[in-house]
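I have placed the structure first, in the form of structure tokens, so that the comments after it can refer back to it.
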Amino acid sequence: MELVAQLLGNEGARMVVGLIAVIALVSVNALFLIWMERKVAAHMQLRPGPMEVGPHGAIQTVADAIKLMGKELITPAEVDKPIFWLAPIVIFLPVLLSFLVIPFSSTWIIKDMNVGILLILAFSTLSVLSILMAGWSSNNKYAVFGAIRSVAQNVAYEIPLLVTVMSIILMVGSFKLTDIVAAQSGVWFVAVQPLAFILFIICATAETNRAPFDIPEAESELVAGFHTEYTGMRFALFFLAEYTNMFIAAAVATVLFLGGWQGPILPGVVWFLLKVYAVIFLLMWFRWTFPRLRFDQLITFAWKILIPLAFVNLLITALVLKLR
Amino acid sequence: MIELLGIEEKTYTLNLGPQHPSTHGVLRVLLEMDGEFIIKAEPVIGYGHRGHEHMAENRNYTQFLPNLARVDYLHALAYNQCYCMAVEKLLDLKVPERAEYIRVITCELNRLTSHLLWFGAYLMDLGAFTPFLYCFDDREHLLDLLDGLTGSRLTYCFFRFGGVPVDIDADFVAGCRAFVSRLRSRWDDYHNLVTKNVIFIHRTRDVGIITRDQCIKYGITGPNLRGSGIPYDIRKSEPYSAYPEFDFEIPIGSNGDIYDRYIVRLAEMEQSLRIIEQACNKLPDGPIMAEKVPKRIKPPVGEVYQAVETARGEFGMYIVSQGDVKPYRIKLRTPSFANMSIFPEMAQDNLVADLVANLGSIDVVIPEIDR
Amino acid sequence: MLKDNLIKALAPLNLEKVAEGDYAKTGYHLEVAALPAQLPDVAQAMLAAGCFLESFTAVDLNEAFDLVYHFASFDELCRTAVHLPLGKKKGMPTISHIYPGADWYEREVFDLFGIHFFNHPNLKRLLLPEDADFHPLLKDFGASQGND
Amino acid sequence: METKTGEPLIHLGVLEEALNLARANSLWPLTFGLACCAIEMMAAGAARFDLDRFGAGVFRPSPRQCDLMIVAGTISKKMAPAVVRLYEQMPAPKWVMAMGNCAISGGPFYYPTQYAIVPGADLIIPVDVYVPGCPPRPETLIEGILLLEEKITKRGRLRKFRDA
């Protein structure tokens, strides 16, 4: 036991153990989230959802995953091969690395960097690159459409997201995620900054390409968007990344607004995960309720409403902090 | 800017369909695009062509009856009724009143299934999945009723020349009444979930406008026409069957945009409920089959045009008889064919997303266009 | 009355027949017979009266075609049937510039009967594949084509 | 790689069986309807019947990501090349279900001078399961999917009902 503790004290060992744990968490979490999504959707839609594979379909997604591993990997003749192969991996790496700085509890954190929040935001921007790679290399018009839309959307929503996060950082005075959580020991920021919370959730939904902002893969318009040409495991990686992105977005929301691991009685990790899944449930609820926005409306919404609102929020925050 | 850089401005072709999630079957639209804007849209139809009209010339009158259910499988009974009425006109048969009432009740139930399906499928086109399942849940209750009476869930072939083969009983009437109150209790859900949704309103308001002039030039009928503010409904303007005996309204829109067509369809469902309710209350007793229906249907020489109001608009049947057991020529004037022909004009200079919204809003059934 | 207006409007065109129809039997209020060359004028008159093109089809009468146009109105119940005789291997003037909706109807008739329409902007097969070499609704079609 | 007695050195059977079990329980159909049957296919996926119970409810719009092609409706001669192409775009292992009489044999539209349709999906692509009906009821479609599962795994949920 002491050895383990010693090992965990060591920076390098901590990173290795952490990464292994993260990879395990990512896969299990994605499998669980997909199952949860299907169950949530089903129960909102007056049907039972997966039932037959395992109790209440609990291992349905495991079956799906095994099946996808066994599928043929088609590389269409006209694609740009290296980029086509690289894209699913590139989308996965930044997602994985974002876990480095997420504080699951006051001690459960792989590396507590003093620029933690910036790291996550920087990495989340990278995923749009891989979507562009995937769409462009597929040599499929629908995929290119999806990719181009995705870039425009991500650029537009990154700005209000950053500005919203800035108002929290102004209040705390630190980029460190643990500091931000610690600052919420009394009142959660969601109570202090309700507008920022709403803006953040909207932007996070758009950043993770979830409905009603799922323009890059709008099923009824673009077939399957940027991953139209992907088969088997490569497609599964995109799926995995989408759900992991959702987890990260929810985790950041929890850290910034919902007090992170803080809560009575239960251990911090449990509180943290509970809050994360609650936010994820909210995102799922959006998806199964709203119709999709049109592309130009989406961009207009970001530039004309979200960005001004985010700046106003930042200004007010700064003023209040100055006058206090 | 593009000119300055010396780059040639290029448009490209996008092939939407024949297999595409938003085309509701096998429609292909060739799009000439500039970025996300559509410069020219050309529907390519015929992927569901099954040769109904040719088949009619090679079958006798009775054998052609089941085909009508497969022309427009969503409102099969109206097509059935149109054909029966046309042949009855040729044969000079008088249908008993009770049979007319049964026809009206089942036809309106069928119209509800069609509109409910449209509602769900359309919202799915717009990216909302849940209303689709709500509608299918309600639709299943309707199908139970019709299934119990006709023995089929979708492709009903229930009416016969001169009447209907099976009488309805008290259980069926009670089932109808129960369904009417069930669906009425659901309107609030639908409106809260969809009609009042900001995104939905923004997607549909002032999009895909059809003007009165266009309606005349393209021969558009049905809810698409009424959305443009023209109160033309064959059930009222050219009354047939037992429809003159019921009190119902023709809902119309004002703008002719998608939102109006949507509202018109929802309001029409309520009117259908009213008709069903009144028919159940006033249901007369009597025979359900005309007397002296010939065993061998062999109408005299002549031609007839019969129109009915289906869920999608005016369905017309033009039958030429040369005194044979087989029809000499049957032309099916299907509503979606005319409604779809305006599509290139509607899609022009719009975004792809609007194309999907437009296509869904005119409610096409592809095998009915292709026949 | 739309019917009287139509009769008045069609009178100067010197059509073969403009007569009231037997609505109870055929569903027509007005029956018109004309020659193919007169069709664009008839269509113009119909459009001016606010009628829409309800349906258009051909009937193969072995020796000749009988082309049938149905017009109706949104405002008043009045269905007009226009019959035109057309010899085999002859063409028709198009009315797709008057009624854009006629575009598809004419293409369909071209597809299924092989009737050519002059000045049609886009006359190609509508329902059958473009490489089809037959016209299924001709009465002599069954003899030449078997099922494969 | 076999020993003298004919026993394989490494047993891959278990792995294969697990893979087949996974495949059978995760049949993602293509969103692809041709005619009337497509409506019953939608109904089978909707509230009352819910194909998702068996893991077959994930309708994928792209042929690259699905396992099962439900040929729901009449295949016209104009459509036939597209159907073949869609089948070719699907990644192996893939299965085809002919849903409805039209897809099985041309159904009611097959008669001596028919010119427009392909009488049977099996004339252009290999078909695994035939689901009769015009159109088949959703229950029948579900049975078809369970039969396909039985075909993949050599055992199935249906068998216990049939043996009882």
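A, B, C and D are the chain letters, set down in written order, and residue numbers restart from 1 in every chain.
As a convention for this text, a residue touches a chain if its C-beta (ideal position, glycine included) is under 8 Å from a C-beta of that chain, and two chains touch if they have at least 3 such contacts.
For clarity, every value in this text was computed on a predicted model and none was experimentally measured.
Set against the C-alpha centre of subunit D, every other chain centre is closer than that of C.
Looking at C-D and B-D, the interface holding more C-beta pairs in contact is that of B-D.
Each chain gets a centre from the mean of its Cα atoms; for subunit C and subunit D, those two points are 45 Å apart. Distance from the subunit B centre to the subunit D centre is 30 Å, each centre being the mean of its Cα atoms.
Remark: subunit A and subunit C have CA centroids separated by 61 Å (rounded to whole angstrom).
If you average the Cα atoms of subunit B and of subunit C, the two centres end up 24 Å apart. The set of subunit B residues touching two or more other chains comprises 20-21, 46, 49, 51, 54, 58, 133-134, 137, 370.
For subunit A, the set of residues that touch two or more other chains comprises 45-47, 219, 223. Taken residue by residue, subunit C touches two or more other chains at 127-129, 136, 141-142, whereas all remaining positions touch fewer. Chain contacts in this assembly follow no simple pattern; the graph is neither a line, a ring, a star nor complete.
Pairwise chain contacts in this structure: A-B, A-D, B-C, B-D, C-D.
Within the complex formed with subunit D, the residues of subunit C that make contact are 127-129, 134, 136, 141-142, 145-147. Subunit A contributes residues 38, 42, 45-53, 57, 60, 62-67, 70-74, 219, 223-224, 227-232, 235 to its touches with subunit D in the complex. Considering their complex, residues 41, 44-47, 141, 145, 211-212, 214, 218-223, 288-297 of subunit A touch subunit B. For subunit C in complex with subunit B, the residues that touch the partner chain are 24-28, 47, 50-55, 57, 59-60, 68, 70, 72, 74-75, 77, 79, 81, 99-101, 103-104, 112, 125-129, 136-137, 141-142.
Only residues 45-46, 49, 51, 53-54, 57-58, 89, 215-220, 225, 230, 232, 237-238, 302-307, 314, 316, 318, 320, 328-329, 331, 333, 337-338, 340-342, 345, 370-371 of subunit B touch subunit C when the two sit together in their complex.
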